[in-house]
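See the structures that follow.
Here chain A shows up in two complexes: once beside chain B, once beside chain C.
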Partner chain A sequence: MKNNLFFLIFVIFFTSLSAQEKSMEKNKIFKNLRCLVCQGQSISDSNSDFAQTVKLVVNDLIEEGKTEEEIYSFMAEKYGDWIIYKPQLNRQNFMLWFLPYAFLIGGGLIIFYLIRKKREKT
Partner chain B sequence: MLSNLGNILLFSKVLLSLTIIYFSYQCIKSSREIIFKKIYQISLLQSTLVLGCFFTLIAAYVVSDFSLINVYQNSHTAKPLFYKISGTWGNHEGSLLLWIIILTLFSFLFLIYNNNHPKNYRLYTLIIQNILILGFLFFILFNSNPFLSLSPIPKEGLGLNPILQDPALAIHPPLLYLGFVGSSIYFSAAIASLITNYSEKSFAFSIKNWVLISWGFQTLGILVGSIWAYYELGWGGFWFWDPVENASLLPWFAMTALLHSLLVLEKRNLLYFWVIVLCLITFTLSVTGTFLVRSGILNSVHTFASDPSRGIYILSFLSVMIFGSLFLLLNKYRKENKLIYSNSKETFVLINNWFMMFYLLTVLVGTLYPIFTDVLTNNKISVGPPFYNTVILPVVVIFLFFMAIGPKAKWVKNRFDNLGYFALLLFLALVVNFSIIYFFKSSTILSNLVIISSLFLILSSFFDLVNSILKSRFDLARTISHISFGFLVLFIGLNHNFSIEKDFNMKVGEVKSFDNYEIQLQNLELKTYNNYKAIIGNLKIKNILLKEERTLNPEIRIYDNPETLTYEAAIKTNLIKDYYLTMSNIDRSEFYNIKFQKKPLMIWIWISVAMLVFGGFLRIFKNAKIN
Partner chain C sequence: MQKLIKSIITIIFIFIIMIFYISLGKDNSYDTVNLVGKKLDSIEIQSFNNEKFVNTKSFKDNSFTLINFWASWCGPCRAEHPILMNLKESKSLILVGVNFKDKKKNAKNFLEDLGNPYGILLKDESGKKSINFGIYGIPESILLNKELVIIEKFVGPLVEEDYEKILEEIGEK
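Let's turn to the complex of A and B:
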C-alpha cells in the first residue's frame, strides 16, 4: 500500500508539472520584472505603457527561444539589476542568499547547544 | 491662533514629562511604599493634554486653517469632512503626534493597571517611558512641528493624495501604531526590570497582556493595510514585500516570538534574558522601521540627502536606545542554571523563536541589502517577492509541522506516546491535499508541501478544539490562533495556486472569451463628482459553465487637488471567489486594457487573520479573569 501511495504522489507531481509549466513560465517572468515607472509593481501587475512594451519584448525573446535566465540577463544589461526582483546569485548578492540560511543553521545550533549542555549537567 | 495653542500644549507636555521624571525619582528615593498621588495626577493631566493637542490639530484641519503649514500642505477646502479629519494623521508631522498619544496613554495605563507590582519597578518604567516621550517631543518641536505657522495665509491648500482619501486611512495607521508604538511600554518595563532586578514570573505577568494587546493591534493594522492595498492599488495582490510593509512585519515577528517565550518565563522561570532581549528589539525594530520609512532611505538613497535632519535625528535616537539598553543588558547578564530537556514544551517554544528569528532576519537582510549594494558598489538591486518566496516558503512548511506538534508537548519533560495519532493526521492531510489537487489540476511540489503542512496543523488544532469542548479544560485561545494561522497559510496557498489572470485590449462593444468565461465591454460612462471626474466602465462577465452573469464597474478617476490619475478596481466578492477587474486607457486611443482576475477564497484570508487576532484577545480576557 505504501508503494502505491508513493507512486500516486509521483504521478501527480509530474503530470501536473509538465502540463502547467509552459503557461506559467511567461507569467513568472513578468512577475519577476519591476515596472520601472511605477511604485512597487511588477510588469505583470502594471497597466503602464512601459509594462506593455516590456511584455512585448519578453514575448519576442521567448519566441526566439531564449531561456528564462537569458531573458533576465538581457533585461539587467539594458535596465540594470534594479529591474529584477529576484537578485541573481553572484558575488555581489552572495551574502543576501547566504545569510538567511546561516541564521537558520546558526539558530538551530544554538538551541541544540542549549539543550545538550543542560542535559549534561543532570 | 490654533498654531499658538498647539505649540503651548506641546511645550507644557515637555514640562509635564520632566516633572513626572523628577517626582518619580524623588519617590524612588523616599522610603514610602506607595507611589505619590501627584504622580498619578500629573500623568492623567499629561494624557489629557496630549489628546487636547491632537484635537487642536484636528480642529485646524476641520476649519481648514491654512495658517498652519501642515494643513496647507495636506488639506483642501473641497475635501469631504471625513478625509479632512483622517488627513490629520496621513502625513509625517501629524502621525508623529499620534505616536506621542500612544506613548503617553500606554504610560498612564501601565501605571494604573499594575498596582500589585513593586513601586520602583513601576516608577522606573514610567521614567523610561517619559524619556522616550521626551525624545519624540523634541523631534516634533525641533524638526517636524505640525503647528508651524505660515504667512501670508494662503487661500487654498494643496490637497491630500487621492490614494489616501479612503476610509482605511482613518483606521490603518492608528491600529498599526497601537501595535508598534504600544511595544514601547514593554521596552520601558524591560529596562526597569533590569535596573530593579525585578525578574522572573511576576515580571512576565506584568507585561503579558501588553504584549498581547500590541500584537493584536499590529496584526489588525497589517490586515487593514493588506485589504487596503488589495482594493486600492489595482494589481490584485495584498502583500508585495515592499520595504514599508516589511518594516511593519519585523516587529510582528519579534512580538510573536516574545508572547511565546513569555509562557516559558511564566511557567518555568526560564529564558528571562532572552525575553528581555525580545522586549528591547521589538520597540527598537519599530523605531528602525520608522527611521527607514520617514528618512526616505528605503525608496532611494538619494532622498535621504534631501531631508537629512529627519533621518539623522531618528538615527541618533535609535543609537542611544540600542547602546543604552545593550550596555545595561551586558551589565546585568548572569547565567541561568535551570534545565531544559530536549523533549519538552520549552524546547518547542524555543523552536518557535528560532523560526521567528529566521523570518525576522531574512526580511531584515532582504530589506537592507539594496542599501548596502548601492552604497558599496553603486549598483541598485531589487529584492522582491520571488526572493522571499524562495527563501521563506520551504521553511514555513517545517514550521507548520512544529506548530502542530508543539502545543501537545508537556512542560519540563515530555514523551511522545502519540506518534500514531500524528501519522494518522499526516495521512488525512495527504488525502485532502491530493483530492484538492486532483479536483483543480494545477500545482507544484512546494505548493503541495505548503498545503499538506497547513492541513496537518489545521487537523491537529481541530481535534484539540473538539477535545477542548468535550473536556472544557483545553487552551481555547491558543487553539483558535493556531488553527487560524493554519487556515491563513492554506488559503494563501490555494489562492496563489488557483488564481486566474487574463488581460485583453478591447474597444466598447467587443466580446472576448477564454476558458469558460465571456467578457464584454458594454459601454463607458463619464461622471463628475465633488473632487474628481470618473470614467466608469460597464463590463459583463459570463461564466458559460455555471450560466452566471455579473456586471463589474472599474473606474479611471481624475482627481482635481492635487491633479492625479488613479485606477479603481471593480471587485465582486463572495465566499468562494473574488472577481477582480481593472481598466486603463491605452495611449488615449479607443482601446482599453482590461485585466481580469479570479481569486479563489480571498475573503477567507481576511477572516483567518481576524480569527488569529480573536485568539489573542481571547487570551487577554482569560488573563483578566484569572487576575
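Let's turn to the complex of A and C:
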C-alpha cells in the first residue's frame, strides 16, 4: 500500500513537471515568432486570428515531436526568416551576427591604445 | 596610429549612414512572395462537400492550378470574385477554392449568389492547413504549374492586372 502511494505521487510529480516543461517550451517558441499582421507583437502577445492559428500549428508540431529548431525552420520556410525574432545564422545575415563583436574588439583596441598613449604622456 | 583610428571611425560612420540610407529606401511591407519558385509540399485538405481528403499531389494532373483562399465573411473575396469567374473560362487552368474558417451554410450561399468558379472545392475550418501554404490573410491565391512549383503568389484580392498576368503565365494571352 505504501509502495503504491509512493509510486502514485512519483507519477503525478513527474507528469506535472513534464507538462510544465512543455508549456515553458511552447511559450518560448511563441515569444520568438513574430505576428505578421500585428505591429511589433509576437505570436505570444497577440490575439489576432493569424497568431491563434500559428499557436495551434506550433502545438501540433510539438505533439508530433518536432524540436524547437525544426519548428523555426518550418515557419521560416513558409514565411521567410522575418517570422523569427532571433534570426538564424545564414549567408545573408552573417554580418548581423559578427559585426557587433568586430566593433567591440575594434573599440576595445582603440580605447586600450588611447589609454596607453595618455599614460605614456604623463 | 591616430590617423588609423580616425580613418576607422570615418569608415564606421560612412558604413552606418549607408545602412540607414539603404534600409530607408527599402520596401518593408511583408509578403510571402519568397515562396515563388519553390515546390509545393504534399498537403492533404478536406473536401468541402464530404469527409474525403484531397492531396495537393493530385494537382499534377492539371496544366496549371490556381489555389484561391476565400471566405464568405471576407469583403475583398467578394470583390475579386468576377475575376475568378473569368478565369473559370480558361482551358488550361483549374481553380481550387479553399474555404477558410467559414460556416458551410454561408459559404454555400456566397457561391450560389456569385457563382462557383472552382473546379475543386476544399475547406480549412481551423485555418491550420493554410499555414502550410504560407497564408496569413485572405484572399490569397497561388498559381502552380504541372510540377507543383509556385509560379506566382497573389496577396490580397485579384485585380485586372493579376488576371492579365495569370493569362500570360499560362500562355493564353
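Following the convention adopted for this analysis, the second predicted complex is superposed on the first by the 96 of 122 C-alpha atoms of A that agree within 3 Å, B and C clash if a C-alpha of one lies under 4 Å from a C-alpha of the other, contacts with A are read in each partner's own complex, and residues count from 1 in each chain.
Note that in this section contacts are C-beta pairs under 8 Å (C-beta built on N, C-alpha and C of every residue); 3 or more make two chains touch, one makes a residue touch a chain.
In this text the structure is predicted, and so the values were computed from the model without any measurement.
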**First, second, both or neither for A:T53, with chain B first and chain C second** = second
**Request:** Determine, under the contact definition given at the top, whether A:Y113 touches first (chain B), second (chain C), both, or neither.
**Result:** second
**Message:** Let me test your reading of the model: by the given contact rule, A:N27 touches which partner, first (chain B), second (chain C), both or neither?
**Reply:** first
**Message:** For A:L89, using the defined touch cut-off, is the partner it touches chain B, chain C, both, or neither? Pick first, second, both or neither.
**Reply:** neither
**Message:** Under the stated touch criterion, which partner chain does A:D45 make contact with: chain B (first), chain C (second), both, or neither?
**Reply:** first
**Request:** Classify the contacts of A:L104 with the two partner chains as first (chain B alone), second (chain C alone), both, or neither.
**Result:** first
**Message:** For A:G80 in the superposed arrangement: first (chain B), second (chain C), both or neither?
**Reply:** both
**Fill in**
Between chain B and chain C, more residues of chain A are touched by B
**Complete:** Check: chain A residues flagged as touching chain B and also chain C 49, 80, 82, 103, 110, 114
**Fill in**
In their shared complex, chain B is touched by residues of chain A numbered 5, 8-9, 12-13, 16-17, 19-20, 27, 31-32, 34, 40-42, 44-47, 49, 52, 80-87, 92-93, 95-97, 99-101, 103-104, 107-108, 110-111, 114-116, 118-119, 121-122
**Asked** Contact residues on chain B for chain A in the complex?
**Response** 233-237, 240, 242, 337-342, 347, 350-351, 354, 357-358, 361-362, 365-366, 369, 373, 377, 379-387, 390-391, 395, 430, 434, 437-438, 441-445, 448, 501, 567, 582, 584, 586-587, 593, 595
**Request:** Spell out the residues on chain C that touch chain A in their complex, using ranges where they run on.
**Result:** 1, 5, 8, 12, 30, 32, 34-35, 101, 126-128, 130-134, 136-137
**Request:** Spell out the part of chain A that touches chain C in their complex, as residue ranges.
**Result:** 36-37, 49-50, 53-54, 56-57, 60, 78-80, 82, 103, 106, 110, 113-114, 117
